[in-house]
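Have a look at these structures, which come just after this line.
Each of the next two complexes has subunit A plus one more chain, namely subunit B in the first and subunit C in the second.
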Partner chain A sequence: MVSSWCWSCLSRLRPTPRALPPPSAAPRITSAPFHSTAIQLAQPAKKKGPSLTTAKHRQGHQVRRKNKKPVENPVRPPAAGERKALRKRIVLSNPNALEVKGMQDLSPGTMIDGRLRGTVLGLPVPLLDQLRAVQAFKPKQGWSIFRRPGTIMRHDTIEMGRLFEKISADGEGAQKGQVVKKIISGAKGTGKTVHLLQAMTMAFLKKWVVIAVPDAHELVAGVSGYAPIEGTNPTQYTQPAATSALLARTVEANREVLSNLQVSQQHPALTALKPSSTLEELASLGFQDPAIAWPVFQALWTELTATAAAPGMEKNFQPRPPMLVTVDGLAHWMTDSAYRTADFSLVHSHNLIFVKHFLSLLQPGQSPLKNGGLLLYATSTSNNPSVYGLNLGLEQLAARQAGISPSSPEYPQPFAFSGVDPRVMDLFKPAETSSAKEGPLEVQTLGGLTRDETRGYMEYFAQSGLVRQVIDDHWVSDKWSLSGGGIIGELEKLGRRVQNVQTATN
Partner chain B sequence: MACRSPPSLIQAMQSLRLGPSVSCLAAQPAYLSRPRRQARSYMTDAVDGTETSEAADMSVMTDVNQVKAAPPIKLQEINPGNPNVQGLRIVPASPAYFSGNPRFIDQMLELETIQARYAALPTILADDAPRMAWLKIGQLREHLGEIIPVKKYKALLKILQRLNRIKPEMQPDEVRSTIETFVRPGNPFAVQHVPRPVDEHGRARGKGKRKESSAVVQLVEGEGEIIINGKSLVDVFHRVHDRESALWALRCTQRIDKYNAWITVRGGGLTGQAEAITLAMARALLLHEPGLKPILRKAGVVTVDARRVERKKPGRVKARKMPTWVKR
Partner chain C sequence: MKSLESFFGIGHHTSSRLLARFNIHPTCRVGELANKQVLDLTAVLSDMKIENELRREVVNDIKRLKETGTYRGRRHALGLPVRGQRTRNQNKTPVKLNRMERRL
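Coming up: the complex of A and B.
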């Protein structure tokens, strides 16, 4: 049964004691309560109505049936797509929440400041539209319980801020223009998607180009159109609608950067393109006509990764900014997709050219982002298809990071007869040549917050008016243990939860 | 009392036939050292000693239905010097020989005698008497090799309990030794549960059960890290409610950041597992800090919840639910 309780509505989160139902109305709990769940959250007792089974034995009984007319539902059914829109709706602010005094914004200055570790920084308001455009927010991340969206500066965030600083250094830093490739791993609720959100915010702040695949599953779930490419073996497939949507998102989010860059390469495939047009106009060709979306995306990619103009087009060439490429839900790309070939066999995800493009960026030696940048591909260890090849690949990556040589006996090897997918394993092969511009593929595992970070996070809840207890060391340790060692998604659940205060404080 | 009267030659013969006599039986320390069934041992003795292997096979085939008679007593051979052999009469060792359960009756008579002899000794309350694990009725039947009805067994127990109530420091040796012959080997109730202290590595171990689940908690001083079956607390218990239940003993004593727990839990569902951990955790915590017992008792984590699922009964749909009434 769905509770009538509104989780996100602050006005009902703390009913005054007078508004509480009398104890007799609430279900009586007879055994010792080993929990602090508020009694109001208990499911109401079932009403005992007259039913067939309540009849006494050996007693006359007749089934009474009322002649009920079918009740016509006075409410019209929701329109097509209305419920989905409601489900996917993202609410980023709540006027009932208290405003946090002295809350700083994420900025190029604060994102590298180690002293801010454990504090919650607000996302800059001008960037919110851009972040919405790349679908950086997800519906169930609890943005709607605070006055304005903010994220915590944890250790990994500050490290990432410093990485952004190094790659886009104004001077000639050692790491300027470098490509860093990372796979973000971690259990459910450890903040992988929010980590990507923080990366996107930093990229926007640094005027990078952000290309984001917010949900990898959508591309392989068979929900958008696809078409084979002639003359490819094995047959590859384009996804015009998905590509066009990506272009639309990219233009919407990066309009400011793209409108200042002009076309600098020859694109014979695109006849409608004028030589003097900007990259924004180039990309908009793709979402105006999905049929040419894929060639347009290729052209845009060529432009963004160009280091110099083609001969004869040097006039308006400007150096291209670094790029941030994010993919959320990598594991879905490691198995067969839901698409079918002409002979009704399943299409492997790697045969979708869109997917293939983003996966090829991971492979060593391709130097995909010639102007530098960051690749962040997130995968969950909890809610994802279990792909043996991917798990093994991540283990191998971790082993290489720990300094275990691939020839060592301790290096993880596939089990015999495991039938591991060779295409998946190819992605995680060690680089044969190391280049200064391109770092090796790394895996970064996100865990729980430390106790200090937890304290800062819970204080943010208290300042927003969600938690009314005194935030002391004991309370924080309690929440830290209950959340499985500072898993941030669990901390958020605990912070917004109505507590039975009498029980919790005794 | 047959066994107390001076034994005559005949009675000695009789006791030879019967194997270990009743009086010997009372003196034996443990019932397990005795043959399991007297009747069967006669049979096998005779077969092993006298018959050939072929005859043994035959006797095995026939012993199910036929009771083999004991060999005739040859009085002349046993006592050749006595000329008056013909005048001798064979008298059973026990006056209860012709009753259904002579050994039991002998025992009862002996116990009654002892009870009468020491009736004047001061007694203690039944609750204060040392708890004894008396032979169960099946064990007593096996011990005596006789079918004893429940009522008689209860009468025996009543006497034993009365003897056990004699003030321990004044209890005569005769009473003590007699009582001991009716106690299960090892006297399981006499074994006191000794809680294991915190071991040399600082671990305290506690076990707990609830519903179908059983949990073992190893508690060490630490910083509040919990591992259950090698997984994190969040991976095992998705509900916050269950997580709170599992850690309730630590929470209500404000010890959650003082200990690390390494937990194994098996069986049952999530709620049962969580509450089994509650109990085990409380027990382990008590080994570290026995002074917390009143607080834990008040929090309800010391009391064992012994409820289990009620069994389904024949004629009912579930444990109590009756089938739907149908007119015809």
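Coming up: the complex of A and C.
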């Protein structure tokens, strides 16, 4: 900046004009140099109130603020339960997706056909309501990207179809009326829940009774009512709301079968029950009044597992169909639940009588399903409560399946001081007596699809208009590797992602 | 249950134990309670020292401290922290709360 002093003569170059008052008369406005108001006319600055810095220490003054009116939100807030309904919504059809030509339905004929391995079969449309009722579909599965729901026939599916065929009444084989117990295990996205869905579809096709627990965690998370049962030691608990929901689901899904079966046993606990009523009416007693839901469920269970009528009630007795029992998320039942006892300690899941009932079906020698059937209990190896006893039990099961005897040194044993839960280990004890009617507990591990199955699956994506590449061996092999060896959940993500890339480049 | 914790003198610790004692799950709503559970809860709550009774007790305790001229009493009256906290920087809470006539 040029100084206003002349360095040669030490005099001011431009003396201040006399007309202006001295600068001290009014505060000089520096921030607005082009202000047109004369400085003299400016009003004197108002005296400010006590500022925060000048306030006395510890005087307890408050900064006063004007209460602003809350801004009215023009958007209507979502109604109670609306967002949850949106989150839990299951969309099974997408009209934008192409219809796959020549797609077959899952039927008693196609479910055992080995030639259909690797193709996607549609779920029969009349069964969709029943499948919805047992909550076989989960919100995060990708049903909404296809025209209609369909599932792939993989090796395990066809094996299961054959099992259904053998157990059902139409196949007069040695395995008729047998009970098969399986624990489905596998990593995240390997299709365990969809495997259960396929089982339920097959059971509905075969006119079995399906009893499903779609979310095992819900029963032990402490989100529904519970009540102690008097005179039990250790104290056991009923869950009236959860039981009544189970009954409601079961009736909704199996209405056709249950309405054709009549009560054949004495149920002194249920006074409201008429001797001539159907099983549908019996079950509906339970979900109308949650207080008696558990006795009703027990009565329904004895009816469904009855092989003959009680004396005096033989008139309308019809043989009971086989049953499919599915539980999704078994590992949640192996630890303490979130419920509390009266002295504030946690209730072990096995003390909840609902859970205990379903777990007791796994134990050997109980012969729980007298008319035959299938028990499928799924558990994930990825996103789970870590229960050492369960992991060890599954290892022991796998070892027994591989032919290792429990006395051999290779048989998995618990680590010393591991504190393994004896109740969990009891579930996986080997059967002492083998019976022809009841198979041993097995573990079935679901892995990735084979390359051929992957090809069939990706072709289904292509036919639905999601993938626009030419499906050749190289491309399929690429996707198979990217999906961790054919993990079907990852394949589905890849199928969607390819769609996105396509739309971006086109 | 949040509604138990709305009482002065009942926090998470007490409410969760009360719920466990009467076998009520923590996400239960008041409307879902059985008649007997409501009666049990009311009976227990009526025996507990909560709300105004508890406020009065706390205020009386502080008053006693002031009257006996203890250090804690003086600090309460001066609007200063009572339990040895520093007063150099942050003491908004005692400034706000500790008065001659303490309210709760």
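For this structure, a couple of remarks:
By definition in this document, the second predicted complex is superposed on the first by the 422 of 506 C-alpha atoms of A that agree within 3 Å, B and C clash if a C-alpha of one lies under 4 Å from a C-alpha of the other, contacts with A are read in each partner's own complex, and residues count from 1 in each chain.
Here is the rule we go by: contacts are C-beta pairs under 8 Å (C-beta built on N, C-alpha and C of every residue); 3 or more make two chains touch, one makes a residue touch a chain.
No experiment lies behind these values; they were computed from the predicted model shown.
More residues of subunit A are touched by B (comparison of subunit B with subunit C). Of the two partner chains, neither subunit B nor subunit C is touched by A:P385. After overlaying the two complexes on the shared chain, residue contacts for A:H474 are found with subunit B alone; subunit C is out of touch.
In the superposition on chain A, contact of A:Y339 is made with subunit C only, not with subunit B. When both complexes are overlaid on chain A, the residue A:A227 reaches subunit C alone and has no touch with subunit B. Contacts of A:K493 after superposition: subunit B is touched, whereas subunit C is not reached. Counting contacts by the rule stated earlier, residues 58 of subunit A appear in both its interface with subunit B and its interface with subunit C. For subunit C in complex with subunit A, the touching residues are 16-17, 19-28, 32, 79-80, 91, 95-96. On subunit B, the positions that touch subunit A within their shared complex are 223-226, 232-235, 240-241, 243-245, 247-248, 250-252, 254, 256-257, 274-275, 278, 299-301, 303, 305, 322, 324-325, 327. Contact residues on subunit A toward subunit C in their complex (touch as defined above): 58, 60, 222-228, 237, 338-344. Against subunit B, the residues of subunit A that register as touching in their complex are 31-37, 52-53, 55-59, 61, 187-189, 473-474, 477-478, 480-485, 487, 490, 493-494, 497, 506.
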